[in-house]
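Labels for the chains are A, B, C and D, by order of writing; each one numbers its residues from 1.
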Amino acid sequence: MKSKVASAQEAVEESEFETLAIGGMHLHNNPMATIFELVRQERRVPRLVTSPSAALGADVLIGSGLVDEIATSYVGFEHLGLAPCFRRAAENGSLKVSNLCEASITHGLYAGASGMPFAPLPAGVELADVWRSNPNAYRMIVDPFTEAKTLVVKAIRPDVAIIHAAEADEQGTAWLGGAVFTDRLMAMAARRVIVQVERVVSREAMERRPAGATIPGFLVGAVVEAPGGCRPTASHGNYGYDEPAIKHYLQMARTSEGFAEWMPLVTVAAQ
Amino acid sequence: MKSKVASAQEAVEESEFETLAIGGMHLHNNPMATIFELVRQERRVPRLVTSPSAALGADVLIGSGLVDEIATSYVGFEHLGLAPCFRRAAENGSLKVSNLCEASITHGLYAGASGMPFAPLPAGVELADVWRSNPNAYRMIVDPFTEAKTLVVKAIRPDVAIIHAAEADEQGTAWLGGAVFTDRLMAMAARRVIVQVERVVSREAMERRPAGATIPGFLVGAVVEAPGGCRPTASHGNYGYDEPAIKHYLQMARTSEGFAEWMPLVTVAAQ
Amino acid sequence: MTTWTAPELMAVELSRHIADGDVAVMGAVSALPMAACRLAQLTHAPGSWFVAGGSGAVNPHLGPTPPSSCDERLLDADCVLPLPDVVMLEGRGDVFDVFFAGGLQIDAFGNTNLERIGSAEHTRLKGPGGVGLPFLPLAGRVIIYTASHDARTFVEKVDFVSGPAASITGRGPVLIVTPLCTMDFDPDTKRARLRTLHPGVTETEVREATGFALGISSELRETEPPSDEQLALLREIA
Amino acid sequence: MTTWTAPELMAVELSRHIADGDVAVMGAVSALPMAACRLAQLTHAPGSWFVAGGSGAVNPHLGPTPPSSCDERLLDADCVLPLPDVVMLEGRGDVFDVFFAGGLQIDAFGNTNLERIGSAEHTRLKGPGGVGLPFLPLAGRVIIYTASHDARTFVEKVDFVSGPAASITGRGPVLIVTPLCTMDFDPDTKRARLRTLHPGVTETEVREATGFALGISSELRETEPPSDEQLALLREIA
């Protein structure tokens, strides 16, 4: 059996994408090691899709000037503040922001994972301005059973998804080790999955992990062993987020010059 | 805090339904104790919705003459044979069978649990004859993004769902104890949930059960303590199915007279 | 005399609006409503429930309350739902009695905005985005809280509706809690009105900090201070 | 000389059609394909995968192979998926290389029927229903197996299409394995044709047991008997 374990460099080099999805929610499980590798390789991201609440992972890709469009419902640092690079790029128009809501991302990924072309949304969601601001992703159609107007969102099918898990075996079966967020769903919707993990473990060690917390190896293209690979964000089951380091980032990234100064320090340190 | 623990009699008496859903798959986790109580109370079931593979639970309700319509993708006893009462009632026209496929039940329940009015199905599923045989549940519409013809299935929103779990606490939080089948999804889609369990346990004992294997108590209307309550089907985590007893049932239920003879024996024994 | 901080008073006031049996849900930056819900469970609403944001935790035991809504410590809870299940149930419209909401802007009708200040063409401040706020029309009741009571936050009309005030299944916004006061909504005009003033705060102060014409409830009174028991419990939780 | 049963020969033959790296899925009454997939893993296809029916088990370790596809013993596996996830992935069309299918009726083109014998108005036999068979057009390859090789099962045209022979993402039906023989499909006519005869079975016997005009492969030969190693492993698995 061929092992799926690869270096971050190999895993990224072997990935082709128009749409890239990155996992993690807020300050947790941002797959930073692989994201730093994307930056090192200066990989252009024509379209970045995030979990319902992205943070450092998205901000770093945007700050590095690699992202043309982001489809998201939130990029920020929760109680620590706004996302400086996201904010700057959105305000100066260099980043196209395609607004989605949490329901649209979740049900859109469900549709993508299920072969559904689109997902209807619950009545009421159309009262927000989100869908009108993103005509590519939404359509108002007629429910064929009731004739009621129904908002639908296009399925999300990332070409590549990068998520973080606590452990995986060489065959790619991974265990998330904490909250699953939308990361399992993202893995199921993506054509290729890169799982970065704290530890590569034996196949036996993966057995009988709880059913809802694993990703079967047949969905996984590459396993990247990256201990500490979420830092400075948290890795559920392993370590919390590094608040001083994140505050330092928020301070530095206020300007593009500051971000450019922060970035090589971190990527070199991560190597 | 008011305990949700109730007798099967109370739990059924307090349930009003047009559409009743029953959990369990094949020979496993059929919530028989509560189903026998439905029979004792001679509760009419205008519409019965099942998991993708129903067995004894559905057959007993049908054999008791209580079911007007069944929406299902399978009623049978897997390697042990066909479902005698289902077969008889479908063949003599006393039961309306609304055909669904596994995808339609699963995505229909997902839609019901999510407030989606309907669910699109993956292209290809329309090549089977199922949807043409059940015009109430299906429509062919146009994908507003691609203009492709797309089959959609109506959301499934049971008024009441009856499922079996290994354990629950008095607040209704339940742990399934084995495979989750579509039972969790069914509970999330239903307006009222009756969970029958092998054991009522303390709130503390329910804590930190795996995230994907529990049902939060706020979705549960009644907890029925019914040790052995799946017999003669299996209860995951507790006991296997009783093959001789099921074969005996299949023998007896070949005729309605035989079923009528079997039924009171079992329901009296279950009390 | 017992003293308390503004966040403590806010948490206690929020907790008073959780009734026994309620099921509440909250999103990002939710330490305040989490603590409020837990306090309600420990006092007058032992049979209430809350789902803590992106963690999916149902009734996290708290003590301490982590500042992040996705913190691993929240998983010490009565049970945990995978996040997609929470999103599913938010759409059902008959599960969650209370949604807690916030915003960069909150308008006179209780619409909230986390998207941007300014127009799409001339965005003065790009916000993070509204996450689950479009679900608000499906909540039983919407309770809005904010740490910023100023005229930039409280505006006549939001620049973008992330969280609609309109409701299709419930009552929509029923309460706003700020560091200065609480507001409810006039049943006729649907506009926010001053309901209680926090101890030591004047009506003039609130008016100056509010960017829309604020009505006044005929039952305007002082916000009830936290009891010693509430404060003691809250300090264990938070 | 080593002897074997018909199910053993069938399991070994099925296992030969699992290639290394394949991901297979099966539904009800699937002890035979489960054992076949496990045998393939233990012999020529160590990197193949299979998902065992309603249990959601990924690569159950078997030994013994339970007769029910939802048996708790299957959860002793490499990992377990909640069933809804399996259903989701079946619809993706690029995950499962092999679907195992069966039917009360199997027709000359590889359509399968678990719904009914007879018309909707005059149903002679109500079958259990087709469960996931409508997913077959989304499989890479469809492999059909049946324990009943007779003219009631093998018909010119099924009375109801539960499992379509048509494919939108793959090759559709590629193989039928019965207690008498194996069949493949003529690439031009798309009709089933005799591919191998099990040892001791004659062409005439197969024709008499088949309700449609059965073509014959130009490479017709005897089904390769199980090796001693295959049989020994299979008996540990089953």
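One rule holds in what follows: contacts are C-beta pairs under 8 Å (C-beta built on N, C-alpha and C of every residue); 3 or more make two chains touch, one makes a residue touch a chain.
For clarity, every value in this text was computed on a predicted model and none was experimentally measured.
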{"item": "Farthest chain relative to chain C (centres taken as mean CA coordinates)", "value": "D"}
{"item": "Separation of chain B from chain D, taking each centre as the mean of its C-alpha atoms, in whole Å", "value": "28"}
{"item": "Chain B and chain C: spacing of chain centres that average the CA atoms, whole Å", "value": "38"}
{"item": "Residue list for chain C, restricted to those that touch at least two other chains", "value": "56, 75, 80, 82, 87-88, 91-93, 138"}
{"item": "Overlap residues in chain B, where contacts from two or more other chains coincide", "value": "103, 107, 110, 114-116, 121-124, 179-180, 211-212"}
{"item": "Inter-chain touch pairs (all)", "value": "A-B, A-C, A-D, B-C, B-D"}
{"item": "Of all residues in chain A, those that touch chain C in their complex", "value": "25-28, 52-53, 72-76, 78-79, 82-83, 86-87, 90-91, 97, 99, 101-103, 106-107, 110, 121-125, 127-130, 133, 178-182, 184-185, 212, 234, 236-237, 240-241"}
{"item": "Contact footprint of chain A on chain D as seen in their complex", "value": "23, 46-47, 49, 51, 56, 58, 75-82, 85, 87-89, 91-95, 138"}
{"item": "Chain A-touching residues of chain B, taken from the complex the two chains share", "value": "103, 107, 110-111, 114-124, 139, 141, 143-146, 148, 150, 152, 154, 179-180, 210-213"}
{"item": "Of chain C, residues touching chain A in the complex", "value": "28-29, 31, 54-57, 67-72, 75, 80, 82-84, 87-88, 90-93, 114-115, 120, 123-138, 160-164, 166-169"}
{"item": "Of all residues in chain B, those that touch chain C in their complex", "value": "1-2, 110, 113-116, 171, 173, 188, 191, 203, 206-209, 211-212, 214-219"}
